[in-house]
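Below is the structure I would like to discuss, written out as structure tokens.
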Amino acid sequence: MGAPLFTVLDVEKTYRVGTTPGTGWFSAGQPRLLKALNGVRLEIAQGDSIALVGESGSGKSTLVRLMLGLEPATDGRLLYRQVDIGQFDRAARQTFRREVAFIYQDARGSMNPRMRIRAILAEPLRLYRLCSESEVEGRVLALLEKVGLSADLADRYPSELSGGQVRRVAVARALAAEPKTIVADESVAGLDVSVQAQLLNLLRGLCREMGLTLIFITHDLGVASYLCTRIAVMYLGRIVEEGATADILHRPMHPYTRGLMRAFPSFGRPLTASLKGEIPSPIDLPAGCRFASRCPHAVPFCLTADPVLKHPEDADPNATRRVACHFPIRDILEP
Amino acid sequence: MKSFWKAVSLQRNAMFGLAIVGIFILMAVFAPVLAPYNPTEQNLEFALQGPSGEHWLGTDSFGQDVYSRMLYGARLALGIGFASVALGLLGGLIIGLLAGLLGGRVEWALMRLVDAILAFPEIILAIAFVAVLGMGTDKVVYALAISFVGPFARIVRSDVLQVKARPFIEAARLMGVPPFRIIVRHLLPNVLSSLMVQAGIRISTAILLESGLSFFGIGVVPPTPDWGLIIAEGRGFITMAPWISGFPGVALALLLIGLTLLGDGLRDAFDPRSGGH
Amino acid sequence: MLTGQSGPLLALQDFTLRRGAHAVLDAVTLTLDSGRTLGLLGESGAGKSTLAMALIGLLRPPEVELFGSMVFAGTELVGLPETQYRALRGNRIGLVFQDATASLDPCFTVGQQICEPLKRHLGLGPREATARAIELLTQVGIPDARSRLNAYPHQLSGGMQQRVMISIALACRPQLLIADEATSALDVTIQAQIMELILQQVRASGSSAIFVLHDLALASQVCDDIAVLYAGQLVEAGPATAVLGAPKHPYTIGLRSCVVELDSEHLNPLVGSVPSLNEMPDGCHFCTRCPDAIPRCSKERPPLITHQDRQVACWLVPELPTSAPASAPVSVGAS
């Protein structure tokens, strides 16, 4: 199987968001803690394509930020090629930055508005000295072509491009440094359907052709299933279900995954608001299972003990499947 | 550059202001060529003469040609204006960058220093610094520059904080771009653009301040052909020889109007704060 | 033009909206019967939001020029004076926008904002208005409605705010509800709840609704009828099952095949993108991207004709009247 590329070990991330008012005049209030990540355990191998699926407050964006080394974890460890990313020396960090490329959700905002596309794409090339100065222009044009953009866009500024074009440039820039992994945050959200479809095909094709590892953040199960062979469903800072895409879509075991799938709009199926209630705030999480307040199958036991993400006993032992539920559901999801 | 002109030319006021300022710049640059007389050449027999064929704008109480003095005065006004703003900008840039980038105690300390400077009206500060440094053209420039450091530092710091938080800075970090290059290539260009507009607007303040200081006799030293100074000198003769104070006064007013129009136009075209571009 | 009790609630006839030299909406003809829900589908630049804005009179001369006719319950809306429009808005036509946070006034409590139309249009006194407001909030699923009346919008979550918007829109029991991307900003499980709520309220009161959507699958779940717009032109309209189940217009077909579903193996996206207003072709606006375009398409605009159970505007689709006896009402108006 080989050693995993990314390892996330019991990672926690807590933010302090103000204080609760103290009693009386002189007592300080208790700090209010936002637990964005609450014990995440994940392994990603080279060549994997995994989708982190979740709604607001799920922690998927925070997890990725931690994995990229943008912020330190409050607890737990994050490893890249078995090395703790907090312990990188300068050379290792440079390698890490080059091998792992990130595509922002706000593609236009992730580019310097004062730089032309040509300069934006050339920057990683020059930074890592991937070619001689005379070859830079050729490479830039090749990158544009690879993402299906015409060469005359090289002279424009990001503000002059359409939403779809600017996202393609973001993909091109991610590819420029010849990375091994692409991490993308909702890269196709908010786009017209046809533009989204074009971009999805592009991403899928490129990842397959170049053997890249893909980590894709999305709230859209359809996009997740199209791009990735693995799905990890997150809820309030924890992975609640994880496994092969086909497996999860066919037989989701966690009530939240089932609810999510039912809520996902689909042709020919009537509208089903299967999950009631609001998404709770990550501040002041309840004890016990975090999903219990909305779970249609919750029993009193669920409120007492926090389920652990583990392999369900009677599932196929060969399948890499994990669920965090005391009573995972065994039946196939009715369409 | 092309887009610069496109944006500016859209503003009619700005073009008008540009025209006025342009004329004064030409006057300033070509003063040695255009001025018929040496501005400090005294000719007491021709003192207090009205506009005539030999002295287009008349002469003052020392027989100096008002027209020549006015031309050289333009040079001085614009020179002091640009120089003091440039120096103040440099100082403000350094302080603002340090504060915005380093944060923490450094930022706190620097900003309290800036607060102290800003607590005083600019003219009081300028007077105080002239009192310390002495009078004279260069001293005026330094005094004004110091009083400008405060506002510029604040603007730079706030711009740096704003730009620092934008996604493309973090994206550059994620790409592995070294910090120095991020500052120079990504941060500064985005900070400087709105800063330049603010600087442009300040030039008219600088000119007004220096004229004011000179008018009160605590700016440049006579017989330097400074408009403020000339207006002060002509004050005593306002009924007899109104041209001494009159023409430089009109010139000063016109230049300030031109600069203000141009500054407003630039700001409307460029400064993202005011919603332009 | 049909009027009277038995006529459609809303009838557009060759409705055109021009902004400067460009026709943002180009001779749109469609009708909506009482009690039915209509989905306006299309991508950016289609004009669907523009149409919604024009319907409620928020886009009117002198900013734009309106031509053609738009009749709501017997009243011609084109050229209607603002004073008369005000009597309609919030009263007989209700509106729900996408961004509830921006649409609710942060300076007033929820109660004050719901009571405003009640007092204004229905002339209710303070006590009656408060009672009705509590009733409305409970109806839209906000728990503890009485105390929520004193809450400010920022104290509520996104889903709650949207529910408040819905209750304001429904306060005076409007005949028509217009929802412009009302759930696009919400998480998918909340989206399902909100959509279910809107549908339930609309059906219960027998009113009609127009949904402006970009999500085709969602449209198939909530709309009885669909009208597909492309660059300001109506290209296909009819019952949702017909238009989305068996589309006839090349654009609708292309759009349908772009949608990422849970079991999508391959996406066939439309090539290119919507032409800018300056580059809009004469004739059928879709001809530049249509895989089946013939020379006639770029010169002459195809008329809207009835083809079996729906209306299509395409030279390649022949006019075929409904062969089956009209058991279900053909709710798309005749030209």
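Labels for the chains are A, B and C, by order of writing; each one numbers its residues from 1.
Note that in this section a residue touches a chain if its C-beta (ideal position, glycine included) is under 8 Å from a C-beta of that chain, and two chains touch if they have at least 3 such contacts.
Since the structure is predicted, the reported quantities are computational estimates derived from the model, not experimental observations.
Asks: If we define chain centres by averaging CA atoms, which chain lands farthest from chain B? Would you check?
Replies: Relative to chain B, the chain whose C-alpha centre sits farthest away is C.
Asks: Chain with the smallest distance from its CA centroid to the overall CA centroid?
Replies: A
Asks: From the C-alpha centre of chain A to that of chain B, how far is it in Å?
Replies: 52
Asks: How many angstrom lie between the CA centroids of chain B and chain C, rounded to a whole number?
Replies: Each chain's C-alpha centroid was found; their separation is 56 Å.
Asks: Please tell me the distance, in whole Å, between the geometric centres of chain A and chain C computed from their C-alpha atoms.
Replies: 33
Asks: Which chain A residues qualify as touching chain C in the complex?
Replies: 55-56, 162, 164, 192-198, 200-201, 219-223, 225-226, 249, 259-276, 278-279
Asks: Given the complex with chain A, which residues does chain C contribute to the contact?
Replies: 43-44, 157-160, 187-193, 195-196, 199, 214-218, 220-222, 244-245, 254-255, 258-264, 267-271, 273-274
Asks: Note which residues of chain A are touching chain B in the complex, please.
Replies: Residues 68, 70, 93-94, 97-98, 101-102, 104, 106, 109-114, 123-124, 127-128, 177.
Asks: So in the complex, which bits of chain B are touching chain A?
Replies: Result: residues 166-168, 170-177, 185-186, 189-190, 193 of chain B touch chain A.
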